[in-house]
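In what follows, a structure is listed as structure tokens, so that the remarks can point back to it.
Chain naming follows the written order as A, B, C and D, and within any one chain the residues start at number 1.
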Amino acid sequence: MPVTFTFGEMLSARSVIGSTLAELGETHPNLWVLTPDIGATLVEFRDTYPERFVDVGLAEQVCVGIAAGLAYDGNIPVVSGMLPFLSMRALEQIRTDVCYPNLPVKIIGTHGGLVGNGGSTHYAVEDLGLMCSLTNMTVTSIGDPVMVGEIIRQSMDMTGPLYIRLAVGKKDKVLYEEGQHEIRIGKGIVARDGSDVTLFTHGTTVSQALDAAEQLAEDGVSVRVVDMFTLKPIDVELIERCAAETDGRFVVLEDHLAYGGLASRIADVVADRGLRLTSFERLGIPQVYAGFGEDEQLRDKHGYGLSATVGALRRAVGPATRAGADEPAAI
Amino acid sequence: MTRAVLDTGERHSVAELEDLAYELRRKLLLLCGTYEGAVHIGGDLSVADILTALFHHGLRIDPNDIANPARDRFVLSKGHAAVCMYIAMSMRGFFSYDEIVATYGQLDSAYGMHPCKVQLPGVECSTGSLGHGLPLAVGMALSGRARGELHRVVTLLGDGETGEGSVWEAAMAGRSQKLGNLVAFVDRNRQLMTSFAEERVIFEPYADKWRAFGWNVVEIDGHDMGQLVAAIDALPSPDSDLPTVVICETVKGKGVDFMERNLAWHAGSLGADDLERALAALDASRASNASENDTEAQEAR
Amino acid sequence: MTRAVLDTGERHSVAELEDLAYELRRKLLLLCGTYEGAVHIGGDLSVADILTALFHHGLRIDPNDIANPARDRFVLSKGHAAVCMYIAMSMRGFFSYDEIVATYGQLDSAYGMHPCKVQLPGVECSTGSLGHGLPLAVGMALSGRARGELHRVVTLLGDGETGEGSVWEAAMAGRSQKLGNLVAFVDRNRQLMTSFAEERVIFEPYADKWRAFGWNVVEIDGHDMGQLVAAIDALPSPDSDLPTVVICETVKGKGVDFMERNLAWHAGSLGADDLERALAALDASRASNASENDTEAQEAR
Amino acid sequence: MPVTFTFGEMLSARSVIGSTLAELGETHPNLWVLTPDIGATLVEFRDTYPERFVDVGLAEQVCVGIAAGLAYDGNIPVVSGMLPFLSMRALEQIRTDVCYPNLPVKIIGTHGGLVGNGGSTHYAVEDLGLMCSLTNMTVTSIGDPVMVGEIIRQSMDMTGPLYIRLAVGKKDKVLYEEGQHEIRIGKGIVARDGSDVTLFTHGTTVSQALDAAEQLAEDGVSVRVVDMFTLKPIDVELIERCAAETDGRFVVLEDHLAYGGLASRIADVVADRGLRLTSFERLGIPQVYAGFGEDEQLRDKHGYGLSATVGALRRAVGPATRAGADEPAAI
């Protein structure tokens, strides 16, 4: 049964995954769901299609290996788990068994970013960089819980692998009204239009970006918020357009290391296309292991919370000093 | 080589250790009643006796000399039982229980969901991602060997955790390197996070696995303090050749009836009502243990 | 369910299979004599008999119908024996031996150091990084099960390879998923790349490991064609519950005396002189086998 | 015994590793050498210090885990192996057990790039991207075999982890005469000075870059070749200086995926510092799994061989069309 929801409401992305997979299990008899003991929200699928549900226990490597073996034989396997472990413990399996033969395996998981208060072993903060490194991999990071279902549905036709990153996924704000935006893998979403500066973001920080834009609007600054939920392939055309339409002012905000994720993807485009930006600033996790604390506290502590975002946007549209241009960043 | 002399605290009788384990569980529940987030209560309760036996009896450690090279090393491979270890260590004099309760899980606290050596000296290494502790312990045991220490490196794993391939790589390495100073306790509570063992993953014949990997295998009831102490006292000399695994048959949620063998209590938080119920259940379980012990004692007579 | 009828080629006697294995080794050496780069000769020679038994006797496959869903799947987990597999498959009608020799390892060749399904349809999957084949095989076996096929998924591992934790994760998964259609051959040649087994890594008691992981264990001489055929013929039905491992006691470099049990021949290239020596050694080994067989046959009388 | 060598001579980087470690074993009683069955060139160390040599067989994860355990106890462990496996199979161990506590573990290995003709399972083509993703990790890629020894020696004092990437390491050209350049982790080497364009590179392609520069010199074009052997931390100052001194013309050449490695590190600096480049072109492995072939053949096939390098340099100094600026790159 499809999830019903209201704009602005809080919804669990995890339960969206569970119900979407259960729904697709019906139409796609070759859909399999696998998990390394992180199956709490997969119960509906598990109980309806027990013969296509595989819980291997604590064993991420074989979980991905089995998924690849299933895919070789014409199946569509979804591996669901916690991203810090899937993206690293099983990395070679993802690369060699899934990406090399370009199989339609989907990796969907939670704990992307400094979320969940599990400490540094439990935060996936480099995962997007790792995944973008893999040839054939499509890489997404999704904040809106309803969109998660939409992307999973779209992905049923994909011939290659897909990575979907979520934050905790227990309570997420529905960001987009139905039909409000075209949701297509590979295309960024202009979540809010604006003309003075573009704020690029993805996943859990989209909501924060919209709040920051709202604050800037009170100062009369028009911020464009782009939900760049697909990091690979990156929407080069949209980036170029934003450079032209928002006066070459870019701020990138992400719950990921400031180097290796979206900001670096955009930097690649900036260099490749020779974009002449007026300002470029990245807000993300610095080169530290972040420790304990609630999500928002950690973002504030590490300089990419709401007020830091507002500050960066102000700097971007302020007098033409290049933010952070004096000191080489510790990268 | 002789084992280094460390101030390893007072010697406790089995009955005293049982009291300490009761106290540990109580303190754990009280913390859960205070902290708003989820705590891995089930897996904490299942290792409370093991951690008590280790920190108050088995490990040669000194809270006032945490860098002593001759100390035994303890690696909490099942890092999600961190809070239970913090409290056990506080009861042994390492940390302050009040500080743990006051700061657990908060910003800049040293006491988080998983042990972080970077923030909390006294724990030997950072764990939390399952399958890492045994390899680390192998490295530490090798190092001690090479330095001529007669210490032990003791680690505690979850049974679900032993599904990780890295555990079997480490099992093979521990045997190949002939590390008699390496000891693994396995919390065989027959539950993973979302399933019971043997339901989705077949672990049996479990002890045979370790035997086939060349380990010295000891099987005990992980809630029987007498058996825990005996197993520890009977450990082969650290300069022997085979690593030892102590497979502890346990119950996830042990001591709080409504949490026992209940998948819902892998992790959770305790509201005021829950806390009261849990404390009452704990006392009831203690009373019934005591009367069991009486019966056993009478029968033994 | 009954096993699908596939054109699985002619039936061969054990003696014929032995001839095919000799031919395979010969062709392998000849290729090594032509190709300038290094070839994993040692590990190729140790599996020549196993691959012959599989491709000419055990596997239900049809070179003219490589996508038949009912076919048995073969996964070369020890991917470095690729060239031996290519030649075995060429002898079974999949590929052209001349093409293999003419292009092996060259730019744009489908025949490289490790099997690449992307470039060479007919091999079931790309391998080469050790420890990947068994997990893939588990997935394929699960898939066949779910589709109601009675095929087998057969994989071949190196013994050194079974040091990888991913192998034991897969062993546990194969057992937990009750995959009687899964069969692993282990090339137990007691050598890794740079050491002999038991020298740096202790694998023994080896068969016990598989038993403890719940597998049906068969132990044979991996160079005795009669035993190989018998083991294959005695495999439990694919719809039974336990996966089977056939532990094949072998010799790395088998058939070429100066390569046997010689760490220097893990990989190497053959100059013209070496080639001549190797071919002569191969013939000598064949002759001595034949006379052994005669003696055995006489004794049996 | 220290290796003796002549400039321009072919030397085996592997044997340099072996002899350097054997030499350091003497002065550093806490130096350990570990390998997952790739110990052929470690024999000298193994036989001299058997109690500090650990060959775990095929088991990359535990190999790194043991190294971390040793390092916790005050040792300096070197893990030596093949990089495609070390950098991926053991990635989580490298990140969580080594980088998180910032331990002085060194990962040194071969098969960086499309080298050795092993096929796609055996090429480490994304490793530098992966390693640069890790907080606390120092990342190097070294072409000159003598330098390998020098860097290992320097690294004995490091408090954190180090990654050293080599190509095959069986036969490498000695590129630098002794004392010719200051070799320091974190500082790029101007391997050849020039003023028209900077060609950044690292590792096995330094030699090719020097050849290309030589060809351009015949046309009267002055190419600066920078051996950026440290990718992290990146030498921001040198990059800025090159932008200023070589007319904003950059070509980046590497035996690594064109995205994620050095070119992306430089793109990060370009965006952060707002460098106004005249041209920027990256030569590296495209988004494909490369297949079999000899090293040079594969470089030619995939567009980053000598002639492609010469071509890119010509474009860079040619009339001001931005190379590749018409088509979005498939990234």
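Simple rule for what comes next: contacts are C-beta pairs under 8 Å (C-beta built on N, C-alpha and C of every residue); 3 or more make two chains touch, one makes a residue touch a chain.
Every value quoted in this text rests on a predicted model; they were computed, and no experiment measured them.
**Student:** Of all chains present, which has the mean Cα position farthest from that of subunit D?
**Tutor:** That would be chain B.
**Student:** Between subunit A and subunit D, what's the gap in Å when you average each chain's C-alpha atoms?
**Tutor:** Whole-Å distance between the two chain centres: 30.
**Student:** Taking the mean of the C-alpha atoms as each chain's centre, how many Å separate subunit C from subunit D?
**Tutor:** 37
**Student:** Determine the centre-to-centre distance between subunit B and subunit D, using the mean Cα coordinates as centres, and give it in whole Å.
**Tutor:** Whole-Å distance between the two chain centres: 43.
**Student:** Residues of subunit A that touch two or more other chains: which are they?
**Tutor:** 56-57, 59, 61-62, 84-85, 89, 92, 96, 100, 120-121, 289
**Student:** Residues touching two or more other chains, restricted to subunit C: which are they?
**Tutor:** Touching at least two other chains: 118, 126, 129, 163-166, 169, 172-173, 176, 200-201.
**Student:** Based on which chains are in contact, what kind of graph results: line, ring, star, complete or other?
**Tutor:** If you draw each chain as a dot and join those that touch, every dot ends up joined to every other.
**Student:** Give every residue of subunit B touching subunit A within the complex, in rising order.
**Tutor:** Residue positions touching the partner: 37, 79, 105-109, 111-114, 116, 118-119, 126-131, 158, 160-165, 192-195, 200-201.
**Student:** Taking the touch rule as given, give the residues of subunit C at its contact with subunit A in the complex, in rising order.
**Tutor:** The contact residues of subunit C facing subunit A are 117-118, 124-126, 129, 132, 134-144, 146-147, 165-166, 169-170, 172-173, 176-177.
**Student:** For the complex, which residues does subunit A have touching subunit B?
**Tutor:** 35, 37-40, 55-62, 84-85, 89, 117-122, 289, 291-294, 297-298, 301
**Student:** Spell out the residues on subunit D that touch subunit B in their complex, using ranges where they run on.
**Tutor:** 51-52, 54, 56-57, 59, 61-62, 64-75, 77, 92-93, 96-97, 100-102
**Student:** Over in the complex, which subunit B residues touch subunit C? Could you list them?
**Tutor:** 163-169, 172-173, 175-176, 200-205, 208-209, 211-214
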